[in-house]
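Two complexes come next, and they have one chain in common, subunit A, joined by subunit B in the first and subunit C in the second.
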Partner chain A sequence: MSLVKVPRPTLGERLKRFFMADMFKGMWLTLKYNVGALTDKDSVKGFGIYTEQYPSVRPQVAPRFHGAPRLNMDPETHESLCIACNLCALACPEDCIDVIAMDIEMSVGGKPRKKKVLDEFIFDTSRCMFCALCQEACPTACLELTQEFELATYSRAGFVWNREMLEQGRESRKFEA
Partner chain B sequence: MHQVEVATTQETLLDNPEMVLNMGPQHPSTHGVLRVVLRLDGETVIDLDCDIGFLHRGMEKIAENRLYPMIAPYWDRLDYIAAVSNGLVWVETVEQMLGLEVPPRAHYIRVILTELNRISSHLLWLATHALDIGAFTVLLHALREREEILKIFEQQFGARLTCHAWRIGGMPNDAYEGFTEDVQQFVDNFPGRIDQYETLLSENRIWLGRTVGIGVISARDAIAIGLSGPALRGSGVAWDIRKSRPYAAYADLDFDVPVGENGDTYDRYLVRLEEMRQSRRIVGQALKQMPGGPVNAKVPKVIKPPAGDYYHSIEGPKGEIGCYLVSDGTSRPYRVRVRPPCLINLQALRQMCVGHLVADVVAIIGTLDIVLGEIDR
Partner chain C sequence: MTSTFALFAPPSFLDDLLLRFFGQETVNYVVWPFIQIGAVITLVAVWALYASYLERKISAFMQARLGPMRVGKWGLLQPIADAVKLLTKEDLVPEKADPYIFRYAPYISVAATFITFSVVPFAPNWGVITDVNIGLLLVLAISSVGVLALILAGWSSNSKYALLGGLRSSAQMVSYEVSMGLSLIGGLMFARTLSLSGITTAQASDSVWFILYQPLAFVIFLISGIAENNRAPFDLPEAESELVAGFHTEYSGMRWSLFFMAEYAAMVVVAGVATTVFLGGWYFPGVYRLAGGSNNLYVFLSLVVFIVKMAVLLYLYFWLRWTFPRYRYDQLMDLGWKWMIPASLLNIVWTAVTIFVLQALDGRLDTVESLNRGVNLTGQGKGVAVFMGFAGLFIAALFLAYLNRHSRDFNLKKQRREIKLVDVPKGAPAVARAAADNA
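Up next is the complex of A and B:
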């Protein structure tokens, strides 16, 4: 195993300290950033402003971001992709998903058959920790965590999303700067 | 636990030169909800006691009632600054209990991202530690680099802090498009940035005055308490689990273990800075050697490790993160125990602080690099 001895200041460095070289070096670096922030507007040279100007500039979140949940619909038929299989509710560590299914009578080739369809879908976003296990469990790519990240509401009840909110998306207020 | 007592032999309270000072749990420099009860003579600390448990969530008990794949997101919330490392210890423990062979590509991606997590954890430590001591500028510089790492995490895992990075047997997704370029860019830029921190701190007279000779702990004491990580290496003990019991792909990678000499706050600072440089070296190497192929092993649908117990530990940013898992052969663990580096490092606080001033307690809490989420669990 090779080791690195951590260096300690030598006599020469102690002399430099006597002439306050350490203070001037630090202040020079800070001054460079102060001037740089004025000239280097888009942080090309690494001196610019790094702070995101939210909410006037909305950040671009990653495509894999785990944000607000959504129930996807078939783009052509506009029917829910959910088959009410309950796998997401079983995969959820916080038990914050409730899938309520109902049986409907339908006839397939003249024979009456029962089919399980989704009736109501309750997603409690106040207990959700956005681990995306539900999204991975979904066999039809219906339940998805989207890039929407503004989830604050004025009441606790507002955190519980029902099927309509999950399918249509919550009406979110956009704040102007 | 050791109790702080005030001598009550004096006639009135004013005759008593000693006083008890409560520091925390809302003190900003205790890095969370840590309450330190100090017994002072003037400004000198005679004795102290830590009161912990304000952030207790019962993680180990929660784990007994969850299926194996469900526990990983909770493990992120132990040490939320180093969520990727914490997640790794859980999945590796279960994988080794199941006897799963993880593909080499997954091992390399795990090494890259846990090392980036180590850098980001050390950067946040540097930022807050310097801020506690009075150097504000370093915070702005260190958080800028941390932001670059968190952007890589967001692209890869979909979350910035509590990533839920790994799954048992591999990872949820392969590296995203542009992963190599982003990491390479960080690797190229980072050495210049560390030099900037060094410019601001390493020779600064205020920094030296606040750190040199403060919180000294000898190698013998450090081993006796059970310190691990940079807190132990600052005392000159070259103990690193990445070298002594290599996991993931560390056996194939070349890196050095920095050690200090004097065991004071300044040495631990130098050790952590050098560790960031070594982590950057590891990331650069792993990126070059990263093989192709799948990132997931073949995992059974229902994970049921065989009955028995298993202990596995990795080198986290703060020290040895261990996980002791007892399985009774069902789909839920019988008992899980976390070996928390921060809790054990915190035990050195009393020995380090006694005889120093109140202001130094802040520096020593900072140098131990504790996160209360992991101490209280």
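Up next is the complex of A and C:
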């Protein structure tokens, strides 16, 4: 009477055990990876190197990836596309966007008019969950979440992006290979 | 005349140069040996540096990683960066440690391994530092002094992990030392000399490698050698997951790296002895003809052959380390005492039987050429010896299976199958009933 019913090994299993087949199987696997690392450069057969050399080789992120925010500008006039409509701030579930608008006096056809333009745009990336609802809410395709993923900074204040950072992109130190 | 001690003259082109400055005897007995010693120590130190690089690279490749790539091309300067780091690190001695023993234990470890290089025949003629007629004994004796260093390091650290590591290593090394020494005897029975150069020439003159006569002994020697060097899968003394770092837990900086140097150098020693005794040392068929009468070229090519053979064995070390998990402690002792030592004893008996059979067959077939200097065999005799050698593998396996039939073995399935329920209380528990149903 045994605690666990284990089938008796067949002759093939016994022979495998006698010749230590599993040991050689394991060694064959590691050898395949070792040879593959030297010959199979792009891991075609699946035994090459999977590591990316990160700072010199940038990983390809998925097309649906959402990263650092950006405020797009008109490519010709270089004026902000933002019309300060505040829709993004309303759409944001995390409430991390602050749109600060100001009125400017201008004359349209000789008559004085007031126009609401963007003064400052505050985007708190530390609270952002990169859902891109703001991007979808934006009527002028101004606010966009790019594929840039290096968002680390040295302080909490660094996570709060202002208009200049959003338009020009944040200055970051890039390592050369 | 048999001398107990032989030194070799330098190669002719160097001899002429050296004779300008020194006398003949000074060159042969002082200057040239010192040059050889310097070369070997430098090479072994460089190897110890680059072994860490190779280890990291090979482990990385086996795990589909890249390994060190930053310092220099392909990270080739990484060992130098490591050495600089280790040299500039603080040399810490724990407050409660025994300061003298703690400081000198690494030196014993390094010295013990480096002395053994003095008798390893790297090549014929001027490629040998010295040819002592007890060479193999010297290697075994001195390399077992290395255990002392580990015990002293573990003991003097005054730390429980270090002490446990030291004790483990001593137990392990003592048990595997036996099978390692015994497994070499089979080869010695064919070579009939303890001199390592003599063993190599015995194989060269017979044009055969002793691994063919002694496959069982080779396997035993390799396993015991790996265990002796505390390499995975037998790296219990420094088992990271249970003992922090074993005997060198408290060590830092250069003293720590001395232990590692000793470990990598000891690997070379074991690989060198395995090459000499089982793989024919510097002998490779056709090399003598390839050199075409030039003695220096012949020695150089032989040196290359020796290094290539050793490199294969050293790669095996890395390969095994990154393939197999660590043994449990009792399994390690089981393997040593219940499998390796009986197998090596059987190998001695089997080798004696082989030589007896060879002599007995000599009348019918033509097997033995002469027995004066080692066992010189004819073609037929070699065939018989090789057959007997490989038959020995199977006989040993059957013998060991018989010997250990009642002992705990590594087959957990078998253990589970054979657990008997004893003293099951009345109203048998659910587990027992289920088992009974199964049965």
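Operating definition for what follows: the second predicted complex is superposed on the first by the 144 of 177 C-alpha atoms of A that agree within 3 Å, B and C clash if a C-alpha of one lies under 4 Å from a C-alpha of the other, contacts with A are read in each partner's own complex, and residues count from 1 in each chain.
Everything below uses one rule, namely that a residue touches a chain if its C-beta (ideal position, glycine included) is under 8 Å from a C-beta of that chain, and two chains touch if they have at least 3 such contacts.
All values derive from a computational prediction rather than experimental measurement.
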First (subunit B), second (subunit C), both or neither touched by A:Q53: second
First, second, both or neither for A:H66, with subunit B first and subunit C second: first
Subunit B or subunit C, by number of subunit A residues touched: B
Partner chain in contact with A:G26 - subunit B first, subunit C second, else both or neither: both
Touching partner for A:Q168 - first (subunit B), second (subunit C), both, neither: neither
Contacts of A:T153 with subunit B and subunit C, given as first, second, both or neither: neither
Contacts of A:N34 with subunit B and subunit C, given as first, second, both or neither: second
Touching partner for A:T140 - first (subunit B), second (subunit C), both, neither: neither
Set intersection of subunit A contacts, subunit C complex versus subunit B complex: 1-6, 8-9, 17, 23, 26, 29-30, 50
Touching residues (chain side subunit B, partner subunit A) in the complex: 66, 69-74, 77, 137, 144, 147, 154-159, 162, 164, 172-173, 176, 189, 196, 199-200, 203-205, 208, 238, 243, 256-261, 267, 270-271, 274, 278
Of all residues in subunit A, those that touch subunit B in their complex: 1-9, 13, 16-17, 21-23, 25-26, 29-30, 46, 50, 61-66, 91-93, 129-133, 136, 145
Complex interface listing, subunit A residues touching subunit C: 1-6, 8-9, 17-18, 23, 26-27, 29-31, 33-34, 36-38, 43, 47-51, 53
Subunit A partner contacts - residues on subunit C that touch it in the complex: 58, 60-66, 69, 319-320, 322-324, 397, 411, 413-414, 416-421, 431-432, 435-436, 438-439
